[in-house]
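Shared chain: subunit A. Partners: subunit B in the first complex, subunit C in the second.
Then we have the complex of A and B:
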């Protein structure tokens, strides 16, 4: 493997902000300089060298191994390069992402990709609550880029999403795409309750009928829309399950809502 | 360069076609069937023979099979040429809005590669307001599309289409024994040029009978009939027609680049001359204005070399 490699060797006593560990910031630095970088924790700082075994060469690729969920904000605000996270990646991974690629070979905590603007995040396992949403108090969730979760997502995924693409191969918890402003969500698994709650605009494609359909959505009938065909076909590179969805898409049952908001969102359900 | 050149025994004058710089865009129209894509393309490129009075020059470039279109449906690519990006913007908005949006099952996509883009024109971005607030924007594969609710479902239109530098006014004239021979020669030429990419023949059926000269005895007109090539004026004006020529037709070619126009001229002239003088074709020449109008000079002998 080329690039820089950090392997966790000591569990920090409390949660640590890992947002300083960006390929673009570390690129070109010596290993000694990287070991001396101080990461803020709970009322104390921890040097990278205390927590990680540091090896390799600092290029535009950074891999962090043996993660146990105690590091938050990994990859936050990253603009370039590739960040590979192995293990439990913690909360707020890729917060406000601005262009880099983050690969999580494991699971992610809550607020994955919240407020991301560009770039790409792919998670092999599950993600926690509020994936692709915004932090509390923010008016918008993710506003660009692609967020792909091979496993399940928790509650409130794509909450207040403004733009971009959220792809989920597994199931979604309650309130998928709640308060969604625009953008696109494609869910291959099953959505729990209240999908699309108070969504204003945006598109949610559901490969399975949700557990419950909100009464504030109106049936729009069966629609075979070119834009959706084009969208699904563009996802062919995201894996065979997405390719299959595109191949058999002969139309969707379309629901418009949430009429309790502006009602211009669409839920498209495979039939 | 040789002073005399013949193609299938037909003399080709040592002159040049004078062409000028334009701006062009390509729009790919798709539909559920080729019939409807063609219907929209024919309408969108109608009344677009000359920028002088039509505002643009436009034509069908190619018919596309399902593997050549963004949405996997049959399609037609059209080229629209204008004197500036501003002129093109008006024409794109009107023609897409009135001729493609209105046509059943169609969609419209920009057809110029991003790296060749000179400027961008609003397409769906300008037409979206027809949706009266119910339009939906969708970003797919890095391109923004607009979805307008219409009575057969949705009209899908890419937000913008690119312009690129282009050339208008490539041409050649066929000097023939009679009208029938001239028409037959142009039909052969148009058929030979139809499969070519990057060019259009904007006039009806690809052919012009009313070649023009600059100026007129009437002050209001900037162009008037090319009297030197009118057989009915032989004996009255200083004619350019050799003895025995009683009909002349012109083919005008607009293209995205010099090589594409040169190729089209070569293929067209060769096809027009098939059969030689026995087919009634007595000469090939080209229209120019002494080099004062446009910077692009397509010398017939070089094009055919």
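Then we have the complex of A and C:
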């Protein structure tokens, strides 16, 4: 396998900010130079060479193995290249992503892809809370790109989402798409309570009836919307479960809300 | 231990010393006379060719109290953009639009500032403010308690109470809150806002109490003078930020009737209504009046371009400004009926006509007010910009060509709507030392700060001279705080704890009978627990020393 490879030796003594480990920043550097890069921990810095076995060649592809959840902000602000993360990927992976591709062959922590603007993140396992949302204080969540989770997402996924695409094969926790501003969410599993809470605009496609429908959503009848057909057809490449949804979707129950906010959002529930 | 700071070019305006090469001696944190022959000198710091000044004093910077904490909570996204990882003796913290207490102490000290005064301590928030200031390392602290919008005071005034009783209440507040002075914000206006008024000019009547800001200012300036408090009444005027407010500012000066008054962030109060955009500089009119009124001192509240957050007790005006919030989120709230609080994030843009002219007006005031003992260097941190932009501001004052070069890059009408381009004045190092050291110490009554004479606290800054004042003032070679080297070349070397500065004028404690009844009826706590004792303020404020300054000012 080409590219640079970092393999975690042992669990670091505290959480570490891994945002310096970007393919675009490491590309072309010698392995020794990479080993000397200091990553900020809680009260001290840790050199890459102390934390990881470093091998391969620094190209536009970086793979990090044996991750144990102690590294945060991996791939944050990345603009180019491919980052492959194996194991438990920590919080804030792909924060503010601007164009690279991140593949997580494992699970991700909280705030996956929060504030991402472009690019693509794909997780084979589950993601924690606030996937595709924004961090505390931010007025917007993710505003572009594609975030695909094959497993489940926790609470508050797509909170304040502004634009872009969140695809989830598994279930979603409470408050899916809360305060959503715009953008598109497709959920194949089941949403727990309060889906669409205070959403202003945006589209949430639910392949299963959610656990609860908020009383501030109005039923808009059964609809067969061409735009949604086209959207779902465009997802055919994201795996067999999405192409099956596209093939069988005859129409949706459309719910408009949240009327407690501006009420221009829509929940589209398969039937 | 005796330390000699050898051979520096000493600039010490309080003692009339201008660029004289001499040695300074420090023992036990205090500047002392030259030792007799044969006395052992334990340590010599070579300051040959360097400039030596007293530690700088910021007399108006929002570093503690409810509003600053609200700003911190409101804007975590800017903290994340300005991380300060653990480094040397420094703990990890964040800067940002509303910096953490640690960042505040570190950055002030690294820049050669050794004392900071929080100008808006709400009495009901005093405990919180002192704890935040206590969490701010290295620098000395003090605070001005807010009066003039609280119901107890307004009732006294409305019921025609004798001045003596108002004096007692003012003195009691200084004691109870461990304050170094009294500030009034939009006199009576914050209270009027709660009665649905949206503006209150100097002679406007409070809708409920029927008193005017002029009466509030009169009573409070009389009290400050009567009690002999060294710092004049600190006044945030009426109609902050409103075009045409220069008239209110001139009326405010008149309301003092010749008694001492300090007008804070004057830049925000020096606006006219001329021109197509009905917004113009009134700096010339205001500066003329200040020059002609020896009882008046001012600080500028210079704005500098970029993201910041405005934190003010003036909920009336912050409510008006909220529509300009960037990012679009803000807080305007009441705090236990004591006054108000408004936090509005803001981004000053150099291509914006209003912001560019505000920038020019601030500099006009600096250059047109002639007496450096009566005009102070502030950005009203963080309202006009962060305090760490002071070196840049000093360069704007000292270097006319730099100033005009910056002016030429701004919205073009800033130059045509102000006199700035024609002002030739350049501040000297001596004048900078006056306005940032000697004058603030004098106007705060700090006898042992702001100068380098024997008996002064050894708060000393040693600068490597540089042709660019911004470079020189950003990272001094050595900063001593109470004799300890706390910073070298911008890097913190020791984290010490600063003292708290207070005043405690004498008064008739009989006022407590009336106050006790008031607290029982209206407050959420008893009078006894409202008051902060000397011991508590030192423990919670982590201060090794409470420095009480004499209230002997007369006339």
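Basically, the second predicted complex is superposed on the first by the 271 of 271 C-alpha atoms of A that agree within 3 Å, B and C clash if a C-alpha of one lies under 4 Å from a C-alpha of the other, contacts with A are read in each partner's own complex, and residues count from 1 in each chain.
Criterion: a residue touches a chain if its C-beta (ideal position, glycine included) is under 8 Å from a C-beta of that chain, and two chains touch if they have at least 3 such contacts.
These figures come from a predicted structure and were not determined experimentally.
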Simultaneous placement of subunit C and subunit B on subunit A, clash or fit: fit
Which of subunit B and subunit C A:182 touches, first, second, both or neither: first
Touched partner set for A:124, first subunit B, second subunit C, both or neither: neither
Angle, in degrees and to the nearest 10, that opens at subunit A between the C-alpha centres of subunit B and subunit C: 110
Touched partner set for A:244, first subunit B, second subunit C, both or neither: neither
Subunit C versus subunit B, contacts on subunit A by residue: B
Touched partner set for A:98, first subunit B, second subunit C, both or neither: neither
Partner chain in contact with A:25 - subunit B first, subunit C second, else both or neither: neither
Which of subunit B and subunit C A:15 touches, first, second, both or neither: neither
First (subunit B), second (subunit C), both or neither touched by A:138: second
Touching partner for A:40 - first (subunit B), second (subunit C), both, neither: second
Nearest-approach distance, in Å, of subunit C Cα atoms to those of subunit B in the combined model: 22
Subunit C-touching residues of subunit A, taken from the complex the two chains share: 40, 42-45, 135-139
In the complex, subunit C residues that touch subunit A: 74-77, 80, 83, 85-86, 91-92, 327-329
Subunit A to subunit B touching residues, read off their complex: 163-165, 182, 184, 201, 203, 223-227, 229-231, 233-234, 264, 266
Interface residues, subunit B side, partner subunit A - complex: 70-72, 107, 134, 136-141, 145, 147, 153-154, 156
